[in-house]
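Here the structure is laid out as structure tokens; the discussion comes afterwards.
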Amino acid sequence: MNLEFENELAEIEERIAELSKLDSKEHPQLNKDIGALRRKMKSLTRRIYENLTPWDTVRIARHHDRPLFKDFIAGMCSDFIELHGDRRCGDDKALIGGFATIDKHRVMLIGMVKGRTVDEKVHHNFGMPNPEGYRKALRLMKLAEKYGLPIVCMVDTPAAYPGREAEERGQAEAIARNLTEMAGLEVPIVVVITGEGGSGGALGIAVGDAILMLRYAVYSVIPPEGCAAILWRDAERAPEAADALKITAESLLDLGIIDQIIDEPPGGAHRDPETTIERTREAVVETLQRLKRQSTARLRDNRYDKFARMGRVKKRRSKSSK
Amino acid sequence: MGWFKRSARKTPQNEIPEGLFAVCPRCKAHIYKDEYESAFKVCPKCNHHERLTAAERIELIVDKGTFREFNSEIKPNDPLDFKDAKGSYRQKAEDAIAKTGLNEAVVTGSGDINGTRAVIAVMDFRFLGGSLASATGEKILLASEHALRMKRALLIFSASGGARMHEGIVSLMQMAKTCAGIARLDRAGLPYISIMTDPTYGGVSASFATVGDLNIAEPGALIGFAGRRVIEQTIKEKLPDDFQTAEYLLEHGFLDSIVNRGEMKDYLHRVLQYSLGKKV
Amino acid sequence: MNLEFENELAEIEERIAELSKLDSKEHPQLNKDIGALRRKMKSLTRRIYENLTPWDTVRIARHHDRPLFKDFIAGMCSDFIELHGDRRCGDDKALIGGFATIDKHRVMLIGMVKGRTVDEKVHHNFGMPNPEGYRKALRLMKLAEKYGLPIVCMVDTPAAYPGREAEERGQAEAIARNLTEMAGLEVPIVVVITGEGGSGGALGIAVGDAILMLRYAVYSVIPPEGCAAILWRDAERAPEAADALKITAESLLDLGIIDQIIDEPPGGAHRDPETTIERTREAVVETLQRLKRQSTARLRDNRYDKFARMGRVKKRRSKSSK
Amino acid sequence: MGWFKRSARKTPQNEIPEGLFAVCPRCKAHIYKDEYESAFKVCPKCNHHERLTAAERIELIVDKGTFREFNSEIKPNDPLDFKDAKGSYRQKAEDAIAKTGLNEAVVTGSGDINGTRAVIAVMDFRFLGGSLASATGEKILLASEHALRMKRALLIFSASGGARMHEGIVSLMQMAKTCAGIARLDRAGLPYISIMTDPTYGGVSASFATVGDLNIAEPGALIGFAGRRVIEQTIKEKLPDDFQTAEYLLEHGFLDSIVNRGEMKDYLHRVLQYSLGKKV
């Protein structure tokens, strides 16, 4: 499964694979050739990934082989106990959580599950939570607060589910409640945007003390396709919208929305999930160590200031008052 | 979020003829313009509540001469230097300012409601669809901080299609920012009353508008997270006519009450007497 | 609508009504006769009501004309603002609440609504709340706590609704949550059992600092009919069960379950709702005045002790340990 | 509440023949009795979890030799001097005591779970259907108070048909009483884990059993407020087969987890490590 800007890479990969099948005794040049191809591939990868457009990044963030929340759980945690249910109505399959141990840190780990096979995708509603997902997340966060456990939220969702029953059960209220309650939680909250940060659906678990983001994840107020459909009346112009919306980690760091970029290996997380997950683990652990040193009151005040600063408007004299 | 262009209904104000009569956009009744205006644009025949400007709303709710506006000079930011097919966001914002006489989609200030002072924020749908952006969020946060300092109630009248996509992620963050302000009021035991007017969607319904101590709405107001069309496309079925109306939300447990415009001021005053007992 | 033990009263009432239609000029004895009948009725009423069986009391507690929560609201409160919804799923019609003013006291008033006409009964589900009713009540109680308003709960329900959806939405959890949260609320809670105190369905809003009870209300762990069906295999023996279960105000005062009996006028609340409601108002106001003087911490500790005392078992030496 | 007589299933223990084999009451498989007992009465064929006595449960969960029982001398009260067609409650209680060797329907104490000390309450369905009454409530409250004093976790294994109607209103009040104890633990930040076993109904499900920080159940356990028959009579329709099973409750959001009996001890130990971080 290749993205079109990776076609050249795919070709080289294929040639390497072909050559590797040959007998090196019959082809004395073989190892040298393969080595050259690998070097070429490496530099090409670097070149491609240094020149990605925002829209390329969107494609990578949605890549089939990109590590998903369950991969992160398996790779980052020495223990995970899933805790189900919102105690009101259901157990959301798109947004899950539970006790987890990362290094020596016991935390409450929460995140969106997308699924990889068709069955999994359907089961997990393509990672689009319903209100009971946000309410389960809040229940678990409150439990973490009671037990003094830091919270780690891993964000990867196209959007909160725009369904009829989601509306009837208060999708808007569920997200709003989380934003309000998370502002006041008395434990550290680490957020990692790992794939798609889809608008309010992402933000619903993304009010944190530290917002980390994988290099090729995206985080946006609206999907580029939707934005293009509205502003250019043409969903095909999504690449332009992706550009205009400033949704890449680099842009978001500049805008002061995120605190840290977690570098992905050359060629993206989908080429090397293991390294990606390991780097994520390291970044989360470092952040936890830092945040755990802060007092509860300090944490909460800093969190307030952090979000209060976002989009802070310098007061300007209005024309009328000269 | 950001779908306000689609979900916004035609502004029916245009349909009112210049003459003696106004035409109700819902039941098409002809109403004496004077009668219509003095009833604050509520149709006497079908109780349709037409959208109000922020100024009209303040006139309706706040005791005459007591409104003191905050931060009126705050204007839209353009953090992304955003341009689309029809031009720049900067120009769009300037046009909105010129059209409405407002500097942003929300007017904030303090004022008395039958003698009880409160901090009030009123959104104006005419200003870029009442969209939530950095300056809107900033004004609301500053209003909540004022309420906190002065130990007053905060009242927000919402009217919004959602987040303003021209400010991208910065506008999304205003949801968290405004809610952080609400959370502080809550911890301080101060009342926050949300009044949802037509329409309240997306980034506004999914932030401060739905977490009031009391959530109140005007009759017939459309309130939801996603727009009707988006949902119909997603689930591939038609939605019932009353979907996302205030009445529908009341039935589903998300509103404390639906209050007619003519009774709103007295209602809010009554409610404030219960909510401020501990503080004043 | 008469209960059978009131038949004699009904006959006298009828005779008085007949005599009252006659012309006193033609019947000089008339006023004297009516006076005599009234005196007879008064003493008979007293005699009947002093000798009610527990089962009679059940019948009175369920009497069609007994004042219902809405009558109490109208009669006790100078202001009432109903607040709807549980913010999760629905607005229960059997259990309502809102801001109310009783005398000079601003309170949160919560209670079950039964309805009197058939339509009303159906609309209010015969006063049997669903989980969203208990959750709405809890939401309002938390709001009262935030605003420092005392809570007044008026109990009149046959039971929490035993329906399929009630189970699916967690009827048990909703009641349990209320019991747990009410134990910790930092405002005074006054409970008045006005009619039927139907088991867990009643208790779900009846954890209070002071439990008042109208003289002919009942409060029971199980309806007498149900108890008889189980223990005597015969629902017809409900009167015996009513007796055995000790469900009258008098018994409950003896058992230390309630704190105060509010006297009903002779002939019961259904004969004189106005006086009943007025006495209830007075009792509630007195109780509020008393409780408002206590500190928050004191209130909560006292409430704990109150329920901890109920059914306190004296430690006895067991046989085995001699 | 109080419907346990009706909702209680036949105690299938009687169906196990005296010989070498036990018969699974669900799938009717013949199982070597030794195998069955050493698996703590879980059927190896269909995973049916047969009811356990309090002693069996404690043996399963608590490290050998560490259980110290509290208040074992507390016996049923008879606040109503209750008599029915079949005799007095007092006699009934004496019979239950004689039959089970227990003084009440709950055994409480402290013990270690893989080395982590906790306060534990275990209900025994054999004792008057595990019904909640004054002595049951008292023992649970005292256990919660012990946990509070010693800053330990409280674990309650429920198995109950509901309130014990022979103690009338006094038994109803035990719901509020036990929940008041739980509320104090909660305010103190101490963990309370509820484990629901078959069956958990009425006054127990509507009090301490469903308000755990974690609500856990054994597979197939029946858990509900009202009994199936009462509901079917009320709504006049048949209920689905899986109605009120643990699996059904998990799907509806009321359980954190369903845990097999064989894994329960380790599971609880793991969970306690997260819950006690702040306190120990």
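A, B, C and D are the chain letters, set down in written order, and residue numbers restart from 1 in every chain.
By our rule, a contact is a pair of C-beta atoms (placed from the backbone, for glycine too) under 8 Å apart; a residue touches a chain by one contact, two chains touch by 3 or more.
Here the structure is a predicted model, which is why all the values come from computation and not from measurement.
Undergrad: Would you kindly count the fewest steps from subunit B to subunit D, each step being a jump to a chain that touches the current one?
TA: 2
Undergrad: By the touch rule set out at the top, what is the minimum number of steps from subunit A to subunit C?
TA: Step count on the best path from subunit A to subunit C: 1.
Undergrad: What is the chain whose Cα centre is as far as it gets from that of subunit B?
TA: It is D whose centre lies farthest from that of subunit B.
Undergrad: So the centre of each chain is just the mean of its C-alpha atoms; given that, what is the distance between subunit B and subunit C in Å?
TA: Their C-alpha centroids are separated by 42 Å.
Undergrad: Using the average of all C-alpha atoms in each chain as its centre, how far is it in Å between subunit C and subunit D?
TA: Chain centroid spacing, subunit C to subunit D, equals 32 Å.
Undergrad: If a residue has to touch 2 or more other chains to count, which residues of subunit B qualify?
TA: 186, 252-254
Undergrad: By the touch rule stated above, which residues of subunit A touch at least two different other chains?
TA: Expected reply: 87-89, 169-170, 173.
Undergrad: Chain adjacency by touch: line, ring, star, complete or other shape?
TA: other
Undergrad: Identify every two-chain combination in which the chains touch.
TA: By the stated definition, chains touch in these pairs: A-B, A-C, A-D, B-C, C-D.
Undergrad: Could you pull out which subunit D residues touch subunit A in their complex?
TA: Touching subunit A from subunit D are residues 186, 189, 191, 213-215, 250-257, 267, 270-271, 273-278.
Undergrad: In their complex, what parts of subunit C are in touch with subunit A?
TA: Subunit C residues touching subunit A: 87-89, 135, 169-170, 173.
Undergrad: Under the touch definition given earlier, write down the residues of subunit B that touch subunit A in their complex.
TA: Within the complex, subunit B touches subunit A at residues 1-3, 5-6, 71-75, 77, 79-80, 82-86, 103, 133-135, 137-138, 141, 163, 165, 167-177, 179-184, 186-187, 202-203, 205-211, 223-226, 230-231, 234-235, 237, 239, 243-244, 252-254.
Undergrad: Quick check: in the complex, which residue numbers of subunit A touch subunit B?
TA: 160-164, 166-173, 175-177, 179-184, 199-200, 203-204, 206-207, 219-222, 226-227, 230-233, 244-247, 252, 255, 257, 303-304, 307-308, 310-313, 315-318, 321
Undergrad: Within their complex, state which residues of subunit A touch subunit D.
TA: Residues 79, 81-91, 99, 106, 132, 136, 143, 146-149.
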